[in-house]
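Scroll down for the structure; my scribbles are underneath it.
As written, the chains take the letters A, B, C, D and E, and residue 1 is the first residue of each chain.
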Amino acid sequence: MSIWEYANPRRFMGWSAPLVPLFSALAALLIALGLVWGFFFTPEDYRMGSTVKIIYIHVPSAMMAINIWVMMLVASLIWLVRRHHVSALAAKAAAPIGVVMTLIALITGAIWGQPMWGTWWAWDPRLTSFLILFLFYLGYMALWAAIEDPDTAADLTGMLCLVGSVFAVLSRYAVNFWNQGLHQGATLSLDAEENISDVFWLPLLVCMAGFGVLFAALVLLRTRTEIRLRRLHVLEARDRTGRKGSGEG
Amino acid sequence: MSALLLRDLKLAVRAGGGFGLGLAFFLIVTVLVPFGVGPDSGLLARIAPGILWVGALLACLLSLDRIFQLDWEDGSLELLATAPIPMEGVVLMKALAHWLSSALPLVLAAPVLGVLLNLPTAGYGWLMLSLALGTPALSMIGTFGAALTVGLKRGGLLLSLLVLPLYVPTLIFGTEAARRGAEGLANATPLLMLAGITAGVTALLPFAAAAVIRVNLR
Amino acid sequence: MSALLLRDLKLAVRAGGGFGLGLAFFLIVTVLVPFGVGPDSGLLARIAPGILWVGALLACLLSLDRIFQLDWEDGSLELLATAPIPMEGVVLMKALAHWLSSALPLVLAAPVLGVLLNLPTAGYGWLMLSLALGTPALSMIGTFGAALTVGLKRGGLLLSLLVLPLYVPTLIFGTEAARRGAEGLANATPLLMLAGITAGVTALLPFAAAAVIRVNLR
Amino acid sequence: MRVEDLGCQRGGVPVLEGVSFTLAAGEALALRGPNGSGKTTLLRTIAGLQPPAGGRIELAEDSVAYGAHADGLKATLTVAENLAFWAAIHACDKVSEALEAFELRPLATRPAQKLSAGQKRRLGLARLLVTGRPLWLLDEPTVSLDADSVGLFGRAVRAHLSAGGAALIATHTDLGLEARVLDVTAFAATGGPAPGGFAEAFA
Amino acid sequence: MRVEDLGCQRGGVPVLEGVSFTLAAGEALALRGPNGSGKTTLLRTIAGLQPPAGGRIELAEDSVAYGAHADGLKATLTVAENLAFWAAIHACDKVSEALEAFELRPLATRPAQKLSAGQKRRLGLARLLVTGRPLWLLDEPTVSLDADSVGLFGRAVRAHLSAGGAALIATHTDLGLEARVLDVTAFAATGGPAPGGFAEAFA
């Protein structure tokens, strides 16, 4: 049996049903563990003080924001090439989660930036490209919302995701180029490798795993909802054609 | 007449986010400016009130062509003209619907975008106040412009052209009020002028717009 | 296929100045900015290349919805789809017509507006060169966006939302090239990147846009 | 209703002149004439959408319901919502009767954009009922309608007439109605620019 | 041309199924059926504008001229320019014949926006002649046409047929043509979602 069989809606509904509560519980556990560990059982950073704690939300959400877009790209490709409806719906279901992750990363970053850099926002390349990613998410979701026919919407958003990804990568380089030669660079370059020691790193890993599992749970849940919605539409349509003989014409 | 207002708001929601799109445009224009002028935060803070006002104005502008064009295309406008409500009332409701669906979200979102442009903290309240006082004038003037260009296919660009000069006084007083407020200076005069423009425009332009629509229909 | 190009240019001229309107919008946005940020000429000179690029980009953006929408509404697009020319060719001609009628005038007018913003003399040539290299990419990307939103009534605002993020790299390299040129710095890299984007986009996006139109028509 | 020596113009060119007729309550009048003869122009003039080039139109105020080529439907609103809107505007409460009269009940919750050409047309005609206006001005009302729907339309017009209404209908086809016929070619304008416009001022 | 067991869908809902017919050169076929029965959908499917939901369409490539409800006219171009454009696209040189055939010569320099409904329709039909395509797919071609123009249309179709063309015409009215009739109600889909789309995948 080919792996694609699992993308059949009925089979998908079957195997995903038990996974949703499982993943939800696991995510809650991991995130709780990571946060408690990180918040209460790690020393304060000598430079950043207690504000370093925000890293346990900021970094996992930032990572997920990027990973979710990549997952959407893969799902869109599968839809465009192999026409598996579930994968188109999975891409649709993932977008709002991605946008929320991006927002969380942006907001926690801003809250962190206030004590660290004395400003809520700076046009650092990394922050800037995140803002652009946010715009891509918005455009993708707006296009889904604007088109009523699901087949058309799936095709068009798939193409947009494809083209958008290329441009997202291009933007990343452009933004890096743009901000070179600006004096702020030095103060802004906080890199993980330089600043984070193992004490912080382990609970962070747990948090990142937690966010990953949380995303899996949410995307499965939302995809299942989308599938149910589609079924509802089909029933409505059948209702329509059923009544055609009696009422229309 | 409230039926008209409700219908327009309903259409704005159904059309896949009449509310959200103007907002998104506002966000994007605000983001583009730093790409253009460079990321220097001192420079950005200086031009922030102006850029935010221009951005809000452009976002308003882009949604103007929806005001009458769709109703014209599907024949609703002709039917409204023969309906038992005065054309002035139609115009006023249209302007109100535009303000509620397109301008009000901008007013509420402006402070968030102020963060991106390093707007000084003192400026947020004044920015919102100036926008809240000024955007009704933008909607009303825009409705007049939309009335002028109704019936022209893709009159969007022409509409912008007609309306932008009319927006200049509102823009000037609006940014003055926001800028002075942000710098801690007295700004009662520009705020009063803004309120005056809005009041005058709401009292007079519906008649002009209604006359213009009657001409365009014949 | 040249018949299509000629027709589109003819329509742009007849429609009451497809050429002039984008230009006028460019002019007005450029004029509004000093109203917004204040008349300090040093400040203006610093932000001039950026503002001119953003203005040109917005003027381009506003004319995008004309590309396919009218042809869709009057049924021409369906007829073109059944005509003996490939949809990719149609898309390319449409993008070319848009560039000729909307973007080229902006490139030529940019220096004049540079004067209004105190652009340093050294910058004029670089500004024009960067616009000339970058605007074809804007037209082509915009055509792709227009293809995505064809068939949506008044999709203009959605179109902006989809297209603007795609414009970011072009804008960044364009303003960098113009700004560095104006300041006498080396700007070969951004110019090369601009040319690269334009070439890549012209080679690949027509296929994407044609596919998208076929989806939209069915 | 009474029209006397009416002149009509379109785009500054006079199209009809000396149009005179009366239409009493309970009567229907069919406008006939080849393409471009001025039927649409006459209807628009009577509806008050364009000023007459001369003559008089005697007509009670707010008595006209105009049914044009375009139906005034919102694509994203459902059939019922479209009708409810026009009913609210005209402060009239006949939505469900209108749905019945044109057999739109099964389509009531369908967005207007998902209707076929003829279904849309039926909805456009149903709109007339919710205006509550006595005088119907109809421009080619049966376009795209199948025979059954033409029958529905005929029934609606007859009901309207017998309730004291009147109708003026421009058409090329047979409506299945007993109506007087007015041929607009008899009033074709003989030339000369329309009065009061730029064309006349610079003749 | 040959259609076999064709299925058609609209908006994910199957509308027709099992449509089979053949159309030889020189033949015309009239599609009949009440409003919403799927005539437009069938024509669009054959024109290649939407994918069939099943079955086969055998058709020489580039042989279809589609005449829809919308005429593909540019409001600001003149009648002659509109025709010349479509002639250039189809590399066909029959503009003046087309103008003659639909008596558009006197209107040749008039912008299309200043035509009455029927005149526009005539121009839309003239466009068919400049495509040079053998198979005409027409959707309610005589809407808004007066009796004379319907006569012109009949003549044009007969000329097209005798030159070896074919025509498939959806209509509610009588065209004055001798044509076989195909009633699409016979093929109304019995239910079940259209294959390949979202609707089917989630049935």
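Everything below uses one rule, namely that a residue touches a chain if its C-beta (ideal position, glycine included) is under 8 Å from a C-beta of that chain, and two chains touch if they have at least 3 such contacts.
None of the values given here were measured: they were computed from a predicted structure.
K.L.:
Through how few touching steps can subunit B be joined to subunit D?
P.N.:
1
K.L.:
Name the chain pair with more contacting C-beta pairs, choosing from A-C and A-E.
P.N.:
Output for the comparison: A-C.
K.L.:
Just curious, how far off is subunit E from subunit A if you go by their C-alpha centres, in Å?
P.N.:
47
K.L.:
How many angstrom lie between the centres of subunit B and subunit E, each centre taken as the mean Cα position?
P.N.:
45
K.L.:
Could you give the separation in Å between the centres of subunit A and subunit D, each centre being the mean of its C-alpha atoms?
P.N.:
Measuring from centre to centre gives 55 Å for this pair.
K.L.:
Could you put a whole-Å number on the gap between the CA centroids of subunit C and subunit E?
P.N.:
Centre-to-centre distance between subunit C and subunit E: 37 Å.
K.L.:
Mind pulling the subunit B residues that touch 2 or more other chains?
P.N.:
Those would be 15-16, 21, 24, 28, 35, 38, 70, 153.
K.L.:
Can you list every residue of subunit A that touches 2 or more other chains, as numbers and ranges?
P.N.:
Residue numbers touching two or more other chains: 132, 135, 138-139, 142, 146-147, 178, 240, 248-249.
K.L.:
Among all residues of subunit D, which ones touch two or more of the remaining chains?
P.N.:
In subunit D, 69, 75, 119, 146, 148 touch at least two other chains.
K.L.:
Spell out the residues on subunit B that touch subunit C in their complex, using ranges where they run on.
P.N.:
Spelled out, the residues of subunit B in touch with subunit C are 15-16, 21-22, 24-25, 28-29, 32-33, 35-38, 43, 46-47, 49-51, 53-54, 57-58, 62-63, 65-66, 69-70, 152-154, 156-158, 160-161, 164-165, 167-168, 171-172, 175, 179.
K.L.:
Which subunit C residues qualify as touching subunit A in the complex?
P.N.:
144, 148-149, 152, 155, 158, 161-162, 164-166, 168-169, 172-173, 176, 189-190, 193, 197, 205, 208, 211-212, 215-216, 218
K.L.:
Provide the residue numbers of subunit D that touch subunit B in the complex, in ascending order.
P.N.:
So the residues of subunit D touching subunit B come out as 44, 47-51, 62, 64-66, 68-77, 81, 85-86, 88-91, 127, 131.
K.L.:
Quick one: in the complex, what on subunit C touches subunit E?
P.N.:
Where subunit C meets subunit E, its residues are 3-4, 7, 10-11, 14-15, 70, 73-76, 78-85, 217-218.
K.L.:
Can you tell me which positions in subunit E touch subunit D when the two form their complex?
P.N.:
These residues of subunit E touch subunit D: 11, 33-36, 40, 69, 114-119, 121-122, 140, 143-149, 172-173.
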